[in-house]
Amino acid sequence: MNSFGRIFRMTIFGESHGVSVGLILDGCPAGLSLKAEDFEKDIERRKGGIQKGTTPRQESDLPIFKSGLFNDRTTGAPITILFENNNTRSGDYEKLRAVPRPGHADFVAHEKFGGFEDYRGGGHFSGRLTVALVAAGVIAKKLLQRIQTDIHAEIKEIAGLTDLEAGLQKAIDAKDSVGGIVECRVQNVPASLGEPFFDSVESLISHAVFSIPAVRGIEFGTGFAAARMFGSEHNDAIADKTGRTITNHAGGVVGGISNGNELIFRVAIKPTSSTPKEQETFNRETDTMEKFSVKGRHDLCIALRVPVILEAVTALVLADLMMLEQKIQRVLKS
Amino acid sequence: MNSFGRIFRMTIFGESHGVSVGLILDGCPAGLSLKAEDFEKDIERRKGGIQKGTTPRQESDLPIFKSGLFNDRTTGAPITILFENNNTRSGDYEKLRAVPRPGHADFVAHEKFGGFEDYRGGGHFSGRLTVALVAAGVIAKKLLQRIQTDIHAEIKEIAGLTDLEAGLQKAIDAKDSVGGIVECRVQNVPASLGEPFFDSVESLISHAVFSIPAVRGIEFGTGFAAARMFGSEHNDAIADKTGRTITNHAGGVVGGISNGNELIFRVAIKPTSSTPKEQETFNRETDTMEKFSVKGRHDLCIALRVPVILEAVTALVLADLMMLEQKIQRVLKS
Amino acid sequence: MNSFGRIFRMTIFGESHGVSVGLILDGCPAGLSLKAEDFEKDIERRKGGIQKGTTPRQESDLPIFKSGLFNDRTTGAPITILFENNNTRSGDYEKLRAVPRPGHADFVAHEKFGGFEDYRGGGHFSGRLTVALVAAGVIAKKLLQRIQTDIHAEIKEIAGLTDLEAGLQKAIDAKDSVGGIVECRVQNVPASLGEPFFDSVESLISHAVFSIPAVRGIEFGTGFAAARMFGSEHNDAIADKTGRTITNHAGGVVGGISNGNELIFRVAIKPTSSTPKEQETFNRETDTMEKFSVKGRHDLCIALRVPVILEAVTALVLADLMMLEQKIQRVLKS
Amino acid sequence: MNSFGRIFRMTIFGESHGVSVGLILDGCPAGLSLKAEDFEKDIERRKGGIQKGTTPRQESDLPIFKSGLFNDRTTGAPITILFENNNTRSGDYEKLRAVPRPGHADFVAHEKFGGFEDYRGGGHFSGRLTVALVAAGVIAKKLLQRIQTDIHAEIKEIAGLTDLEAGLQKAIDAKDSVGGIVECRVQNVPASLGEPFFDSVESLISHAVFSIPAVRGIEFGTGFAAARMFGSEHNDAIADKTGRTITNHAGGVVGGISNGNELIFRVAIKPTSSTPKEQETFNRETDTMEKFSVKGRHDLCIALRVPVILEAVTALVLADLMMLEQKIQRVLKS
């Protein structure tokens, strides 16, 4: 349930206020060079920038390698990486237990796990676990770089505005949280990845993408706009024997299979559930609705953190598909 | 690769112009009443209505049971259902082999399967296989009805218009094909389905939904619009101990888990790739681009067929999740 | 539940007295030549020879291809093969329903499937389904032959005797059924197949082998005798850089991984449960134990049928492992 | 590849001389009480007793919980447990790198992972990882105890002798290592576990059992002896409506399904590959065979450690099957 991938397969674990979060990556080819510093840039990007709107929680986030590496290279055995949790103040949460926060998993976690869930800071549902996704993504991206496949995601819109600073200012002015749109583009995706129907590229990417907390929608190529186009407009004319198309409305996937053109998709990120605004919710103990207000550190716009996470899950899917399609070898030549 | 589901699991097979298409459904509880007439309504719905815009291909589509039934009930063994292909005219396609149709899988299939693919009418990539999805969905829906879970999908928009007749007329006037938006709503989804992260309800549904040919996007609840809302607007206030919320912007899923409210999502369907309009594509033999025009029977708006298919894949996901969550028993009391 | 294999994956279906049994093989490389006559020899071998001790049930067993083939080659899409059931006399079984046959699955099937199981002739539990295993094995063996991997299984012992005719005569004289030992040897297994721990070659082969009805034990190399050897005796000295060993007590697998030497294992087959001898069992209706005697056609020694089935499941495992290890390509050059 | 189980699923990781070994257990029901002291007894048993024949390697083996527990109970989130490696002397192994040890995975690991494997002390192939199996088994056994299912394995034979002390003395006298036979019995297995064919109880147990290093064979019930019995002897007469049988030659499984009687199987353990005796093997560097002798701490009879590991993997299989069959709930009442 906490695993994803067919033969390049990750498992994530941990809780927001437990001792650690982390991941196991199984099926990674042997011989890939890997050091702690490889993770620095993406882990820093995940913090969303030192800017207005992001949480002040201090996360040092040094990857601690527990297995699968030897002489700074992958061995072919499962790679285990831990991130310790510091700076957690559980007291913030205990008093709120009777009051499930709107937009958060508090209520469903209690229903599903019968009250045994670690409720502190969202527990296992916390966005904190995305650091494990990012770390796995670093490894996947290193693999993909060997065949020049390059993934880049960026924010296209904050609070409905393409001027991102202005979007954040809207949140600050309203003393509220805001959402955004993130786009991911992948260069040099080989043709032939994916399968018809259930294991289509879109199926696998969307599966992975919806594991990122706060994602509410995904669209490939022209996406929802395609529903308003004529067929003759939307179809991409094939131009040569490599399969290059004149336009790329399909976003690089036809019939569920990559066609060798740029892979493009966009995701919608909801506004951060923890907003400074006062809200209403239900109190289990008093059996009444009551006013509720989030204290403590939180992002005004969680979308700022999403690009690097989106790259990570995309890299996981593509690395797995490339291994299935035998485009990445099980032992790498150094 | 052609299978989906963890313990309630379907596999599809067949080709557009082969002898048959069909499915195996494994893990279905024993004791479910099942007859050929149970399939009639949904198979008829899949034809998209006897109206302008849909293909004239005559598909009788009688389900032929090959295993898993005894005395008109499921036995707990895998259920195999075949649909024979009639009325296929392969000659239409052979001459086009050098010319991959824009928007279709012809090019990628050739790349992926090295020219060994059955290229007639899209082969294994054909929308013809959705009859197998629909058939599996009939069984899944019968299971769900036992706990009053009810799935309903409908077209919300054709060619950008909510007046569906007018949308189709746009296609006819333009001598082109058009797309649409389909919405799916599910009543009486129990809370607690799905898992945090990789097996979230959204992950599994989107995975299944993108196996439907022509889907280009999916959004849950307010979806892409959520990216333009404030957090205090978007959050759904919990109103009572059942988890009922005052609004339902989340579309029934929070933290990846169903929260007991109505499940709502929408999908974007691209315009039919086979349009009557003349297009350009590449000819492998002459090594030049050339004019190309689709002959024969095709839908002007494939979205008309989608609602019942969308219900089917949704039912498959929910039935699987309910069995995992032990809300459906492995042997049904009659 | 009725599927096996990671990326070269088979699913079986059908019942002894239903309309058909069959299989889907997914993940088979495109481009493999395949015709009905390829199946003849192994399907004939499965009948156990026209000799004393085997059932008189007439099974024509022509494979009927339902998907995945085009111009006599595999296409990369799932391959569906059906075998029709003829010559079934269900009346033999209905009257016995209250009386679960000792050694058969009648009792457990009733417990597990709540009485909804197809109880005729063992239903889905029937040895009849091994024809589907054999058919999948034919395809897997054709793949393996491309890299000169050759599988051969043979009976080593019937009723405790290496003179097989004498072993069968023992059954005839005693008017009872007997068991046997079957050995499987595989030449030209490349080194590196399998994984440490859960996906060891022995784990996967034994998993597949115990799906053959009547198997009661399996041992690799020296097997149970190894438990009585000294380490210095049992260890196989490595003789050269190819990994060839002087002896082969390990049977070709060390640390769960194939070492390039001959793969050798043996299985124990119990005596046919349907014996002509009178037995006792419980009658559900009368709630008492009663005398019971099997009528109709049955094998005196089911082991006679096992070699070709054992080859088949071994081939399935090896083909899957070879694809995972990228030793068989996803598209075959013809 | 390093995971096992369908919905109660474990993943193991680590290396003999890396920083740690450990496991993730996913799908464990919420609400199970779990403390470090629950692991003490089985971890101690794994050391094989303070007796002649076992390794002097000091392993403190305290389980370090990294996720999935809260207030000493499981939460439903993945449980991560680490064991640190102490007391490792890697220098012992580096000089031997050119000389693959007979009976060990050194040669195959090098072939499979291209020389990138952690070769120290067997690396990821090491028996050291069985501590992770044992730890997962502790949790699985606690679950099974809730429905009174009780697993007990014991050594039946050392070096061919049922007098176990005498068997060990044989090894000491011969200055060699020896093997043994271990038997596992499970009381109170509910009927209906397992599936026909691929997911038979025997298939799943043998799959798990062959992940234990040094296992060379497995047999259920009368096992290999069944091949020499008559059918009328071997069949177990059903005695009452619970399915209790007069004899239990089947060892509790018929048609792949548990029948409610005691589950019984035996495994053959080869003599420890690291024997004090001088042996021959191939030297990669000199390209010649040479004399070779194992120094350092090793077990004379690895079978002494196997019972608790065998119990562990059996518990994992049964817990998974019970969850599939809905005999264990996803949230436990305390």
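Here the chain labels run A, B, C and D in written order, and each chain numbers its own residues starting at 1.
The criterion applied here is as follows: a residue touches a chain if its C-beta (ideal position, glycine included) is under 8 Å from a C-beta of that chain, and two chains touch if they have at least 3 such contacts.
Bear in mind that the values here come from a model prediction, so they are computed numbers and not experimental data.
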Chain B and chain A - chains in contact with each: C, D
Of C-D and A-C, whichever chain pair has more C-beta contact pairs: C-D
Chain whose Cα centroid lies at the greatest distance from that of chain D: B
Length of the line joining the C-alpha centres of chain A and chain D, rounded to whole Å: 37
Averaged-CA centre spacing for the pair chain C and chain A, given as whole angstrom: 44
Centre-of-Cα separation between chain D and chain C, whole angstrom: 26
Contacts with 2+ other chains: residues of chain D: 1-3, 7, 12, 77, 112, 124, 196
Chain D-facing residues of chain A, complex: 1-3, 7, 9, 11-15, 18-22, 24, 26-27, 30-31, 65-68, 70, 73-80, 82, 112-114, 116-118, 123-124, 331-332
For the chain C and chain A complex, residues of the former touching the latter: 6-7, 77, 196, 324-326, 329-330
Contacting residues of chain A [partner chain B, same complex]: 1-4, 12, 100, 102-105, 107-109, 111-112, 122, 124-125, 129, 157, 159-160, 171, 174, 176-181, 191-192, 195-200, 202-204, 206-211, 213, 215-241, 243, 245-246, 250, 254-260, 268-275, 277, 279-282, 284, 287, 289, 303
